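Please read the structure below before turning to the comments.
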Amino acid sequence: MSITYLEAIREAQYEALRNDPKVFLYGQDIDTFGGAFKATKNLGREFPGRVFDSPISEDAMVGLAIGAAVEGARPIVEMQFADFSSVGFNQIVNQAATLYWRTNTPCPVTIRLPSGGTAGSGPFHSQSMEAIYAHYPGLVIVTPATVEDAYWMLLESVQVDDPVIYCEHKFLYYHLKSDDIGSRELPIGKARIARPGRDATVVTYSAMVHEALRAADELHLDGYQIEVVDLRSVKPMDTDTILASVARTGRLLALGEAFPWGGVTAEIVSRVASEAFHLLDAPPMRLNSKDTPIPYHPNLWKAHRPTVATIAAALRNLLRY
Amino acid sequence: MAGSLVPRLFVALTETHSTRAEASPQADFRARFLLAYQHMVLSRVLEEKLAALYRAGGRIVGGVYLGRGQEAFSAALGVQLRKGRDLYGPLIRDQAGRIAYGEPILDCVRTYLGAVSGPMRGRDGNIHRGRPKEGIFAMISHLGSLVSVVSGALFARRLAGTLQDGVGATSIGDGGTSTGAFHEGLNMAAVEKLPLIVSVANNQYAYSTPTTRQYACENLVDRAAGYGVAGATVDATDLAACLEVFDKAVRSARTGGGPQMVVGTLLRLSGHGEHDDASYIPDAKRKGSLSRDCLSVAEQRLRDEGWLDADAVRDLRAEARREVDLAVAKVTKEPLPDPFKENWQALSRADLAEGRYEA
Amino acid sequence: MAGSLVPRLFVALTETHSTRAEASPQADFRARFLLAYQHMVLSRVLEEKLAALYRAGGRIVGGVYLGRGQEAFSAALGVQLRKGRDLYGPLIRDQAGRIAYGEPILDCVRTYLGAVSGPMRGRDGNIHRGRPKEGIFAMISHLGSLVSVVSGALFARRLAGTLQDGVGATSIGDGGTSTGAFHEGLNMAAVEKLPLIVSVANNQYAYSTPTTRQYACENLVDRAAGYGVAGATVDATDLAACLEVFDKAVRSARTGGGPQMVVGTLLRLSGHGEHDDASYIPDAKRKGSLSRDCLSVAEQRLRDEGWLDADAVRDLRAEARREVDLAVAKVTKEPLPDPFKENWQALSRADLAEGRYEA
Amino acid sequence: MSITYLEAIREAQYEALRNDPKVFLYGQDIDTFGGAFKATKNLGREFPGRVFDSPISEDAMVGLAIGAAVEGARPIVEMQFADFSSVGFNQIVNQAATLYWRTNTPCPVTIRLPSGGTAGSGPFHSQSMEAIYAHYPGLVIVTPATVEDAYWMLLESVQVDDPVIYCEHKFLYYHLKSDDIGSRELPIGKARIARPGRDATVVTYSAMVHEALRAADELHLDGYQIEVVDLRSVKPMDTDTILASVARTGRLLALGEAFPWGGVTAEIVSRVASEAFHLLDAPPMRLNSKDTPIPYHPNLWKAHRPTVATIAAALRNLLRY
């Protein structure tokens, strides 16, 4: 019996609700309906009075969670899609993120952002907003890439006394399976070597970890050993693990699904360039999605985001150097 | 009137419509009723086809969102609008209103199928379509955000002196009224005294969420007074009533009455999308008074008035089916987007575009 | 009651207040009136001092925002709240309400002067202060955003079973009602049937913007019905009327009446901030009926009722001045923030903090 | 007779209104009052019916401007402070920024963001949000650092057929003066060598240009020639000019006033590291504000942002390398 990435998110919320009466869930269509993606399936029935359907009011959803957190609650807010957090943006970056620093009052709010592209989702149901939130002080941004991390990092997020933006990738919901959720391996803030190698390092996160692994397989046929680092959380970013990997391989490709200006890949490359300049045998490279909104039609969507083919091509250039 | 080809038997009525100033109130009402009904039929048939294509799988990627049951409310507003001279910001369930406003059904089919020939060129899909320069806005997903945009277009026309008796109309659902964007937009429209009609289709659910979890007022029309705008309610399953209420609202907006809020009550007769069986809607509601199908209600009226007999209705549906099949057949042969032909630029000013570190 | 030291002559009344259940309605009203008046005086005197410090320059960095003229409306709500058991989210012009709720004036002075000993430790200033864990929230600047936050705190207490008959109150201005946050927050509070009191101080201006450019309804209370919440209006220059309306609203909220919207009408008797001479307010308005100073109105009533004679009023002001001067003198000697002693961390979890590439 | 940075912004709007009847201004308190900073002083009187006081509705302010732009108008929206654009965020990044790409309809909206820190302004009246907007496709982000650029770039912004986020720095409003607004030197998209040098390059923008110039003066006393590049617009970012400068100096300090995670400085460093790796004689450096909200009290605020002292110190480290 195996468990999917989506089921792991559901199970983690089940556990969180079971372990701590202070936990409650607030979001659109998450009670009876179990959420647009069924990430809260049956939780309303299993935990009566602790799972709430919200009006379509993202600003107030986050505001309500913040006020509840001040009173010691540990709410989990589900955004129906990450893209809609744009209308909850202010409460997240200016209210939740500043509360502890301003008033010494912890703000243990977890905000789930169903993120990333899937075929046919279009410009407003596909966004990856981790860089937007990571830019603001006062937030922790996690980006699980595995079933195990989806589970353990969500549980840990709920326990963190600071606001956590939990970016779950919709592309992994159903496809990604594991035999079980395993045991907690790493805490938030530590990256993971998803695949050891010696010729080049790909530093990435979320769904792109799997594209990178496939590209690494492809290059393995040519005899290259590509190391893949899964950041797990983009803020904090585990720079030590990144630098250690680059020290081994001397080559860096920063890979992400978000828009190309700024963002996680720029942060990765600039950290390595600043702190491990002499470990680099080749100029560090970046690969992101294109600088346009995310297209609806699969023909365009597939070309908008990095793919195994473009990642492999980038790696070949990096290795050829 | 519809850009789609118009069934022969309606040409006359259509003309009556377009010259309605002279026509008698009764003839005028009859004409609009028949015209709206025609759009409702075409909309229903088109959406049934889309649903079928969705179930068949393969061709339609992403969701399909139907206006089933909301055709009367949507079309009744659409027939009041003059393409170009009036502005229209349709939302999720406005296929009938789109047809009535004059959006060719090819725009719909091409957008659902992602054809490059469509207005969205495969870049956006399904209900996220429009031709702003022709007066019909392309909604983004974020609910409520069109209210201020349509208001802004009216505002600019008034500034430029080109507004004349033009109006703008946009739709929202019971759920969308809970957004800050809806509130800010309608309040601003009221402050600017713009000729904006906001049609609120209260179909009892926002996706799976019942109105009890969406608002606490008696009726959403109770909000009109708080904005200082005119408010009206209507049984949205009754085309005749819808035509009346929108006729009044649009007239009032045209003649300086400021923003108008029209709240229609009905039940969503489909899932939120075709992926959704709406099993959360209790039988009581499914069988309740709100669950009347506006199309049957309209057909009953047609028969009662003797305006259209069963054969005519059958012909009309057949005609609509032919039109829809033609459109689908045509679009199915059209080219899909080609990533190598895309310019991949979000800016109109190519010289200001960046294109680094991309896939 | 005020955490600030209480003038001798009020101890008795204060006790009457705290045991008001047994007291006669008249005695109770008199007690609350006198108590609220005391807070109003202290607030006015404190703010006059802040304004003086601002004009003197040097010590206060940034703006000073006064509640001059709004003391009655603000204090009348504050005296209804029980610190800790009730929650309070004051806004720009609630110095009197803060004192009434029990915020020590030292919190105010320390925040304006940026003393590390204050609740904001020099990190935030002026009106952006509070002690959330003690029930008083620290507003961020973005108007409207406290409505949902205070609602959330009530929501959590109800979930935890610790709410009992507790209520939450927050303030907004005429301008703040135009924000999406206000709309979403109040609508959500109504859906959740929370014991929330929203006091709307319609002081005719949002900074320089007159209400004609802010909303188009007759009276902002017209919005209450649209949210399905109770609405009331009051002449906010009349302490007696304010006490009555908030007494009713808070009682109703305590006893399951759901959210309460109280709209007070008055005129802002200061600039938006002390940097602003408010020259945009026409003389007609400055001299108009709304321009009554609630403090004089209250003092007139005190004399009419024979509750307080001129000497007592003078003593009271003198007492307040002493208290304020003491506070300012004390804080002026307190240490200012030292960047080298700051931990410069936005997270409570130091192990999750980043600190790279910083100044 | 000299003109300030703030007056230049006012003059540019005067010109824009005078040159083109399609231009109008929409914002809070900008009509009779002339705006919180007086950037629209008298414009309401000089152009009756074209300057509008807005309700406190940032989302709707931007939405109204977008709808007007669809009809061919060229609105200028004033946010009272950049920080409040957080509640107009969705209309900016999802409606304005996607309009042309989705519907082939140009969206010539200019949004003025009074940005950056000043003493005593605190966490919500001091933010620099350029990186937030630059991350999203479909926007042009300009950051004038001089009186001349404040004037000419605002006029040019209004003429651009795409949405422009015009980040004006409040710290420069009154202090920064020029004899006249000169003539238009460079278009949006081209950076400027604010000071030529040969030993190290500081790439920066907006108010930090002036801090960098002072730091350069300081190092000049030690005989160092620091080149200062003023980006002028952060998106597009004039990478060629940056690379050319680094080619001359071999050393890079990316300097910005925004928060440290991501943002403009990360983008600068990663571009240089990727494209001019071998031009670098030392690891590229970054300097930003601290990763906390922006403090109210001047003692803290001065330490939160880069200063001449910290910039000079950073440069010394860079040169010592």
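Chains: A, B, C and D, in written order; residue numbering restarts at 1 for each.
The rule is simple: contacts are C-beta pairs under 8 Å (C-beta built on N, C-alpha and C of every residue); 3 or more make two chains touch, one makes a residue touch a chain.
Nothing here was measured: the structure is a model prediction, and the numbers come from that model.
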| item | value |
| --- | --- |
| Chains in simultaneous contact with subunit A and subunit C | B, D |
| Reference subunit D; chain at largest CA-centroid distance | B |
| Gap in Å, rounded to a whole number, between the CA centres of subunit B and subunit A | 37 |
| Distance from subunit C to subunit B - Cα centre to Cα centre, in angstrom | 46 |
| Inter-centroid spacing, subunit D versus subunit A (mean Cα positions, whole Å) | 30 |
| Residues of subunit D whose C-beta touches two or more other chains | 54-55, 57, 59, 83, 86-87, 90, 94, 97-98, 101-102, 123-124, 137-138, 235, 261, 265, 274, 285-286, 290-293 |
| Multi-partner residues of subunit B (each touching 2 or more other chains) | 120, 123-124, 128, 140, 142, 178-181, 184, 187-188, 191, 213-215, 345-346, 353-354, 356-357 |
| Contact graph of the chains (line, ring, star, complete, other) | complete |
| Touch list for subunit A against partner subunit C, complex | 21-22, 24, 49-50, 54-55, 57-73, 75, 87, 90-91, 94-95, 97-103, 105-106, 137-138, 140, 160-162, 188-189, 235-237, 239, 271, 274 |
| Subunit C to subunit B touching residues, read off their complex | 178-184, 187-188, 190-191, 193, 212-218, 220, 222-229, 258 |
| Complex contacts: residues of subunit D adjacent to subunit C | 28-29, 32-33, 36, 52-57, 59, 81, 83-84, 86-87, 119-125, 260-261, 265, 285-293, 295-300, 302-307, 310 |
| Partner subunit D, residues of subunit A touching it in the complex | 59, 83, 86-87, 89-90, 93-94, 97-98, 101-102, 123-124, 131-132, 134-138, 235, 254, 258-259, 261-270, 272-275, 277-278, 280, 282-286, 290-293 |
| Contact footprint of subunit D on subunit C as seen in their complex | 61-63, 114, 120, 122-125, 128, 140-143, 175-176, 178-181, 206-209, 213-215, 280, 336-339, 342, 344-346, 353-359 |
